[in-house]
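The following pair of complexes shares a single chain, chain A, combined with chain B in the former and chain C in the latter.
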Partner chain A sequence: MLVELGAVGYTYLPRSEAAAQALADVSLTVGSGEFIALIGPTGSGKSTLVQIMAGLVKPTSGRVKFEGNDIWLEKARLPERRRLVGLVFQEPEKQLFEMTVEDDVAFWPRNAGVSAEAVPEMTRAALEAVGLDYPSYRERSPFTLSGGEMRRVAIAGIVVMNPRVLILDESTVGLDARGRMDLAGRIRALNQKDTAIVMVSHDMDEVAESADRVIMLAQGGIVFDGPPREAFKQTDLLAGIDLELPQVARIAARLRRQGLLGGRLPLTLAEIESDILTAFGKVPE
Partner chain B sequence: MSIELNDASFTYTLANGEAIKALAPTMLTVEPGESVAVVGSNGSGKSTLAKLMNGLLAPTTGSVTVDGLSTANAGEMLLARRTVGMVFQNPDNQLIATIVEDDVAFGPENLGLPQAEIRARVDESLKVVGMYEYRRHDPHYLSAGQRQKIAIAGILAMRPRYMIMDEPTSMLDPAGRRDVLATLADLRRDRSVAVVHITHVIEEAAHADRVIVLKRGRILAAGKPGAILSDEILMVEAGLYITRASQLAHRLAAKGVPVASGLITAEEVAEALCSLS
Partner chain C sequence: MNGRSLALGQYYPARSALHTLDPRVKLLLMLALVTAIFFINNLAVMVAAGLLVPVLATVAKVPYSWVIRGLRPLLFILILTFFIHVFFTPGARLAAIGPLTATRAGLRNGAFYSLRLGLVVLFSSFVTLTTTPVQLTDAIESIFGPLKKFRLPVHEVALMMTIALRFIPTLLSEAETIMQAQKARGADFESGHIFKRAKSFVPLLIPLFISAFRRADELALAMEARGYAGGEGRTRLHVLKVRAADVVWLIGGLAVIALVVGVRWAV
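Then we have the complex of A and B:
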């Protein structure tokens, strides 16, 4: 297992009046090549959980293991072990801190012993992969960028690390539709090369189309862990925590109530298209 | 009464002197009670347009007026700001106080309202966004979605005539997003509030009366959501895309299922299909 959480709990501001338990008794594993979507309502503990999974926050209880090693036992080896996991923060402003876009994206390569000659090329490739033209953006201050441009720089700065586990905390938020599709494609390609992906998202279509495992969080605990098709069948569970179905599944649900569709719950466009064509007596391809 | 951009343009100047033309000279009028969605690719000028409308930026050329007050004039701009509320793309730019209810009270206090009125508005706004139970918390110690809700409550409590919302639901869960859209619709109907809603979620833009598509700082198209948001060629030209529901409708129509064009949301497409049977 790449990452293993055992009975993890987390309380913000412990020992204070405002103490807030954000996570309780969370256990999960992330294996090589998995594509996990982490979903749950506002405040359910998603960002807290992924910061613990990335080894950036120490849980108040429980264990965190990277490749079998308890990362908080040997503090001296923590920096090196953290390289296993790359986390793109929910808010890019909290991740960008250098004076220029180039320095921000080059931060990891420079600190991970990449040869000085190779760094500019790596930086250029990482920026172009997120759709930013290297010559026009390299000298810009991250804080003069538009929201979506900032988001792209933040993603580039983590993807350039080529981590074995890539965690994206609502990283498609603020991207335009083209940017979202491009990012989805890149993530899928990385996943095919065995990078484990953990994607936090409120976009159920994105989840249905890409993940092969869905973990649902509610009030700091895991309430479901299984394949997307099973996840979106849990209508009571979903309604209970106010999550909605993907667009395709919402259309299908309405057509089922009308008696127009039966059988499987389609999750992708291709699936529902062929189901509807059959129902309307047209021949799907 | 209206917000008017009269050939208003905006150019940023970087530290090294380089000029970035974020908005070309633009004509635009927003009237009370109207809802206008603004869509466009990253860097197309949406946030710049928003900041011109609330007077945070003064136009480089042309003029912007709010109910006749010019935002280029410091005194008039301060008056104009009282009627234009803005939710920023990054809610952290907006959190001022260390207690949620003080933060939400900040706007109404600046309007010089009586204490009892402020109290009532703060409580009401926090309840609307579902954050009343967090009123004594420090907003900096909340989840991202919770912070975004506080920023929205702050604007609701000001009850401005114009609300400029820059991706206000980007960090909310589906229920939170629905609640915000419903609240905005109520405000338009009951209090004739104008809403300018910037969004990357095309389904959200479908609820507006009018959609404006920006591309590289220019208005590429404007009109009814049905005509614009399901137009695949136009949307791709703008660097955007149509919804999955629109894609499905187009594919079915191409295969001989008589679904109308101009459908955007999953619910619209589902109803259209049900009515065929």
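Then we have the complex of A and C:
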């Protein structure tokens, strides 16, 4: 297992009047090459959880392990482990701190002692992996970018570290429809190259399209952990935490009620297309 | 690093005689009291002056623990002061630890000087504990007001102080954010010896300055958008007025301080 959380709990401002428990008794594992969607209502603790997974925040109780070793018992190896489990923050402007896009993306390679000749090439590759043109962006100040561009630069700054696990905290919010599709495709491409992905999302269509495992969080605890098709069958659970089914599944549910569709619960456009074609007696391509 | 641990005599909201006291009177009394401490040359009087701390805390309705907390950032220096005096004052030998000998005079001096330092910090902290930063800068503006006649920008300086105080917590949390962002990309703030750790804070400074300038720009824009135009002809929401109680405090306070100072020559 790459990342393993054992009975993790987290309280903001412990020992004060304002103490707020954000997580309680959370256990989960992330295996190599998985694509996990982390869903849950606002304030359920998703951002807190991913910061703990990335080793940026120390849990107030429980263990965080990377490849079987407790990361907080080996502080000297924390930087290396934070590279292997890369987190893209929920607010991209909080992730950027250098004067130019190039310096920002090159922060890790330069500090990690990558040879000076290799750095520009790595930077270019990372920017291109998120769909930004290196020559036209390298000199820009990160703070003059649009929200969507900032997100991409923030992701590039993490992708350049070549992490084993890439965690994205609502990283497609603020993009237009095309940009979202484009970025989702790029993230899937990284996943194909054996990077495990943990994606926090409120967009169930996106979850249905990409994830092969769904973890549902409610009030700081895991209420479901399993494949998407199972997740979207938990209608009571979903309603209880104000989450909608993916559009495709909602359409399928209506067609089903009309007796037009049977069998499995389709989640993606491709699935419902082939189900409808089959229902009309046509052979899907 | 969380904001609370850095609270050095941070404002404690309560309704007490000290809270409602005119901030100018508080500032003057504090200055007089701190000066008086330096006139004390006798451990017994110093201890007696120390008894003022719980008295003031009670009057101010600030919990003792909150008052003592103001000493935390200084703890190391206090302890160091104490031990340097204990071991490096010549005099009658009390005990020896390795090559170091503690002396009776050293013990006395150590207690005296660390108590003096502690009291100076504690007494000054009563001003910030019971006065909001805004009241404090108002007081400073009022005290230095006459200097406006010499074309000194008193109002502007006071405004700068207010803004600076207001933004300390913001900058701290900003620093924390940038630290997290750099940690997420392999920066190391936690391991290594103290010099290596101190060095890892250097790359933090430039982004912090950049963001401070960005904030300053935004603030200037927001203030202009709301019609702020500087000190000339500006009226105040809270006008500082000296009341009878303030005069009583001022006279009473100065009398106590005179007593403390007078003991030096009386004994």
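The working rule: the second predicted complex is superposed on the first by the 277 of 285 C-alpha atoms of A that agree within 3 Å, B and C clash if a C-alpha of one lies under 4 Å from a C-alpha of the other, contacts with A are read in each partner's own complex, and residues count from 1 in each chain.
Here, a contact is a pair of C-beta atoms (placed from the backbone, for glycine too) under 8 Å apart; a residue touches a chain by one contact, two chains touch by 3 or more.
Nothing here was measured: the structure is a model prediction, and the numbers come from that model.
Partners chain B and chain C fit side by side in the overlay (superposition on chain A).
Rounded to the nearest 10, the superposed model shows the Cα centres of chain B and chain C diverging by 80 degrees about the centre of chain A.
When the two structures are aligned on the shared chain, A:F97 is found in touch with chain C, with no touch to chain B. For chain A, the partner touching the most residues, choosing from chain B and chain C, is B. After overlaying the two complexes on the shared chain, residue contacts for A:L87 are found with chain C alone; chain B is out of touch. In the superposition on chain A, A:Q258 makes contact with chain B only, not with chain C. Within the superposed three-chain model, A:G147 lies in touch with chain B and out of touch with chain C [touch as defined at top]. Touch criterion met: A:V248 reaches chain B, while chain C stays clear of it.
Superposed on chain A, the gap between chain B and chain C at their nearest CA atoms measures out to 7 angstrom in whole units.
Residue overlap on chain A between its contacts with chain B in one complex and with chain C in the other: 13.
Across the complex, chain B is touched by residues 12-13, 18, 20, 40-43, 47, 90-91, 93, 139-141, 144, 146-149, 151-152, 170, 173-181, 202, 204-205, 242-244, 246-248, 250-251, 254-255, 258, 260, 269, 272-273, 276-277, 280, 282 of chain A. Chain contact summary for the complex, chain A toward chain C: residues 13, 16, 51, 54, 56, 75-76, 78-80, 82-83, 86-87, 89, 94-99, 107-108, 111-112, 143, 157-158, 161.
Residue ranges on chain B touching chain A, taken from their complex, read 12, 14-16, 40-44, 47, 89-90, 92, 137-138, 141-146, 149, 167, 170-177, 200, 202-203, 235, 239-241, 243-245, 247-248, 251-252, 255-257, 265-267, 269-271, 273-274, 276-277. Only residues 2, 4, 177-178, 180-188, 190-192, 206-207, 210-211, 214 of chain C touch chain A when the two sit together in their complex.
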